[in-house]
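In the two assemblies presented below, subunit A is common to both, partnered first by subunit B and then by subunit C.
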Partner chain A sequence: MEIDIKLAISAFVLGLGMSGVYFLLTVGLSLCYGLMRVISLDQFFYYALGAHITYTLINITGNFWLGLLTGVIAVLFIAYSIEKLIYRQIYKKPIMFSMILSFGVNLAGVGIIKYIWGLAPKPVKAPIGGTIPILGTDVPGYRVFVILLAILIYLGVWYFLNKTIVGTAVRAGIDDAEKVEALGINVYKLFTLTFILAASLSALAGGLHAPMIMVVPDMGLSITSFAFMVVIIGGLGSIKGTLISSFIVGQIVSFGSLIWAPLANIAPFILMLIVLLIKPTGLYGSKYLRR
Partner chain B sequence: MKLSKSMFFDRRYIIVVVFVVLYLLRYVLPEAFVLEVVIQSIYVMGCSFLIGRLGLVSFGQPVYLAAGAYGTAFYLYYVGTNPYIGILVGVLMGLMVSIVAGVFLVRLSSSYFTLSNLAFCAIGFFLLQKVLVKYTHGDNGLWFLSKIDSTVIIDLSTTKGIVYFSFLIAIGVWFLYDYLMDRSVFGAACLAVKINEEKLRFLGYNAFNVKWLAFVIANTTAALAGSLNAIYLGFVSPSIADVSKAVEAVAISMLGGAGTLFGPVAGVLIFIGLKDIISQIVSHWELVVGIMLVAIMIRGEKGIVGSLEGIVHKSITKNNNKPVSW
Partner chain C sequence: MEDAFILKVNDISASYGQSKVLFGVSFNLGPHERIAIVGRNGAGKTTLLKCVAALLKPTSGFVVYEGEEITGRKPFEVARAGLKYVHQDKGVFQDLTVRENLKLSSYATGDYDWSKVFKYFPKLKILLDKKGAGLSGGEKQMLMIGRAILGSPKVLLLDEPTEGLAPGIVSDLATVFCELSENTALVIVDQNLSFISKIAQRVYGIKEGKMVVEISDTQEIQQASYSRFL
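And now, the complex of A and B:
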């Protein structure tokens, strides 16, 4: 099978764009697992909600950026209340409680979205049209923007975790939440902060992904498998692992679909199985992150 | 085992009584509902066993259900007409899928096991819906109701026959799990995996093999339920392996009480009953199921049968030893 260079470059950029979305969606999952030891499957609801709010705001105002911002802010408040009302009650319970509970929140959310927005697929126009020439190949400008934004967000999260005092507390909480509590820091405030950070990043991912795909209520469920393959390959609770594996998975999906369309779904799964056979905790996952 | 001693008479009689009562419910409730409850109970039983006795939470149960259903469907659609052989093929298919999947998945620690199973379920759904379209006819599904032959002893081409057969199978499955859970060394080894895997290894057992065997048994049970469902409906479509149904089996197990013998029946009865009733008022089933999952997780610790058993145990034995429950 011959892949010419132009096709390869555009596939590479396409893959990077997907990697950006996967990263934004999974970094929250990873942070939540690392700090709170919960698996927050409702991130997919925030993702879908972000996309839908973006769509509606575009229809009303015609401005994509305003839609994106509104989506993120609305999800921020919703996530805040869900964390306060529901998550608070299960932090002390085994991890499976959080998984089923958050899946329940996710399903209920899909139901609400279906009720409000209906089932029909909705197209969203990319706010940045045109193409940018890279090595003689024209690639869509919007994808390049998504890639740059994802890198920016990664740097932002890195700066927050490593250079700010709150971020240091979060990192300490990831290592040992009880000791942080003993230092007089309110861990639950950190939990809330991390959760709404994760949710708003997911909403951002949804809004950014909207112009690349159709906005449908089930979009969260259909990206679930990819997101989990990314998280598992990278290792639960590791930001660096998430970055690397979202890069790998994005490329595999993009190049796989060039060779044979179903390979886009199957290849990451096979990669996941291989990684798990070699290292059952994923590439960067720690053995000790258990409860 | 404390749990079995706490029961003052043989539980095998209770199994028969429970299912006879359930069978008689057929005259009060719609037959389709009763049949659904029985088949779903068989499906949930394996999952409940895995959670309650091994501490393995699998979000991939629908894919094993689908393996059984599609095994049966392939046989009846392409090869033969005998429903008994169809069920056998379905069960064998489930057995093979779970043996192969078990090699990869069973070695993982708890969260990874759960999520890899979820990913497996998503891939299974994708395979059935998009990749194997030539054989599965994608979302159109396979229809084979007219191809089912009438058989001699229990006629599986009639609904009445399927009801009889499902109840017989259910009683058989419950006898098996009763034996597996509380009457065999294997059951004790399973519980040891959950409580302290290191110690089990220290005693000379191969923990991986114990988990693998339990995984295969539980998921083959799910496949059996899938086969029965396929024969009953005469139709399968990829939607049975849908990701949105991934946690239903787990949630029902928890609702009934994971690892208890009658937890699955109680859980399914309440879950499906509520779902049917509420869905008539609210049209979006996702919303209903989602809210039910949240409510079960916040309120339910041991589940219905688990808490009942605790009360019964306390009143009978008058000691403070709690029954083994997750």
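And now, the complex of A and C:
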């Protein structure tokens, strides 16, 4: 089977754009599990909420960037309240509590979105039009922007975790939160910080993804399985792993749809199974991560 | 009148779910004192230290530190107040370098004077850029204790500090603990009776979650005559 080179380049860039969205959505999921040992399914609600707020603000102000920023800030405050009111009650409980609870928050949140915004799909116009020629192929400028922004955010998160003392405490907490607390550090502040960082990135992912898809209340649901595959393949708690697996899954989905549509859904699962068989902690998951 | 004890543990009971581990355990610790708690595996030694450090909530009883009851307080508050617990499993942060491990403790305590750490453990100075995962058992223990003494704690709870260490390192640790106790009171949980006999001024024996013996006679401690109770 032959694939046209221009089509391949186009698919590659399309895949990179998806990888960028996957990365933004999953880096928080990965950090939440790594540090707090919770599975935060409500990240998909923040993703959908970010997209809907972006859509509404564009309609009111005509400014995409203002919409994106408002979505991120609104979600930041909502996530702060949810962490304080709900998550604080379950940090010391078995992981199943967090799954059930965050699933409930997600369902309730999506229900509220449906009530406020309705069920009809909503289009969002890309703020950056035009195309950029890459190796003789014209690729959408907005996709290139999303890719660059995702790389920038990866560098920002990397800098935070590796070069700041609070980030060092988060990394130590991923190893063992009790020992961080025994040093005299308030781990609950770290939990709050990580949770709102995760939710803000999810909202950013939703807002950025909005021009590439139709905005619907259940948009989080359609990306859930891919997000979990990214986190599992990359390794829980590792942002480097999340970045690399986002890239891999994005490319597999993109090229899969080009070769044979069902492959886009099947291939990431097969890859995940292979990775789990060879390295159960994922590509970059820490063997020191304990439950 | 100043209290003779910096730490008072009163009638502590604790359990993990339905399984009761401690049954009304009490002991006191004077400032600059070195006491040891000895007992077999599963006797409840670690559980007791975790209750004192507020890492585990006792089912009954209370802990008084510097005249204030600390039961139910958050572990980080207790650590900041100067009562620190050094974990049993040589648990340095594996992915962090020695420098980062020390920085974290400095950040928590506001004490950036690492000279006291290097005074006791000069080897750590040359290991600053080595990751926790690459350290030997002895080096990990040095780092754990070095990390804990930043902020000049008033009480250190040391859980099995000699476990798995070579005899030479154990002997060095005994010297360090004796020097440390000039400023810090120590509660040492260990099964190494010859080590305990060198450093402890008072020994408690714990068996099946109950204190079964208290020895404060130096000669008895050195002869480890309490071992018959364990």
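Throughout what follows, the second predicted complex is superposed on the first by the 289 of 291 C-alpha atoms of A that agree within 3 Å, B and C clash if a C-alpha of one lies under 4 Å from a C-alpha of the other, contacts with A are read in each partner's own complex, and residues count from 1 in each chain.
Criterion: a contact is a pair of C-beta atoms (placed from the backbone, for glycine too) under 8 Å apart; a residue touches a chain by one contact, two chains touch by 3 or more.
Worth saying up front: this structure is predicted, and the values here are computed from it rather than measured.
Asker: Answer with clash or fit: subunit B and subunit C placed together on subunit A by superposition.
Answerer: With subunit A as the common anchor, subunit B and subunit C both fit in the superposed model.
Asker: Examine A:L31 and indicate which partner it touches, taking first as subunit B and second as subunit C; both and neither are also allowed.
Answerer: Neither partner.
Asker: Classify the contacts of A:L276 with the two partner chains as first (subunit B alone), second (subunit C alone), both, or neither.
Answerer: Only subunit B is touched by A:L276; subunit C is not.
Asker: Given the superposition on chain A, which partner contacts more residues in subunit A: subunit B or subunit C?
Answerer: If we count touched residues of subunit A for both partners, the winner is B.
Asker: Quick check on the superposed pair: does A:I244 touch subunit B, subunit C, both, or neither? Answer first, second, both or neither.
Answerer: neither
Asker: Contacts for A:L14 in the overlay, against subunit B (first) and subunit C (second): which applies, first, second, both or neither?
Answerer: So A:L14 meets neither subunit B nor subunit C here.
Asker: Vertex at subunit A, arms to subunit B and subunit C: angle between C-alpha centres to the nearest 10°?
Answerer: 80
Asker: Pick one for A:R171: touches subunit B only (first), subunit C only (second), both, or neither.
Answerer: second
Asker: Examine A:I252 and indicate which partner it touches, taking first as subunit B and second as subunit C; both and neither are also allowed.
Answerer: In the superposition, A:I252 touches no partner, neither subunit B nor subunit C.
Asker: Using the touch definition from the top, say if A:A48 reaches subunit B (first), subunit C (second), both or neither.
Answerer: Neither partner.
Asker: Just checking: does A:M96 make contact with subunit B only, subunit C only, both, or neither of them? Give me first, second, both or neither.
Answerer: first
Asker: Please provide the least distance in Å between a C-alpha atom of subunit B and a C-alpha atom of subunit C in the combined superposition.
Answerer: Nearest C-alpha pair, subunit B versus subunit C: 6 Å apart.
Asker: Just to be sure I follow: which residues of subunit A are touched by subunit B in one complex and then by subunit C in the other one?
Answerer: In the superposed arrangement, which is not itself an observed complex, subunit A uses no residue for both subunit B and subunit C.
Asker: Residue numbers of subunit B touching subunit A in their complex, please.
Answerer: Going through subunit B, the ones touching subunit A are 51, 57, 59, 104, 107-112, 114-116, 118-120, 122-123, 126-127, 130-131, 243-244, 246-247, 250-251, 254, 284-294, 296-298.
Asker: In their complex, what parts of subunit A are in touch with subunit C?
Answerer: Where subunit A meets subunit C, its residues are 165, 168-169, 171-172, 174-176, 178-187, 286, 288.
Asker: Give the list of subunit A residues in touch with subunit B in this complex.
Answerer: 33, 39, 86, 89-90, 95-97, 99-101, 103-112, 114-115, 218, 221, 224-225, 228-229, 231-232, 236, 262, 265-266, 269, 272-273, 276-277, 280-282, 285, 290
Asker: Would you mind writing out the residues of subunit C in touch with subunit A in their complex?
Answerer: So the residues of subunit C touching subunit A come out as 53, 55, 74-76, 79-80, 84-85, 87, 91, 93-96, 100-101, 103-105, 107-109, 133, 147-148, 151.
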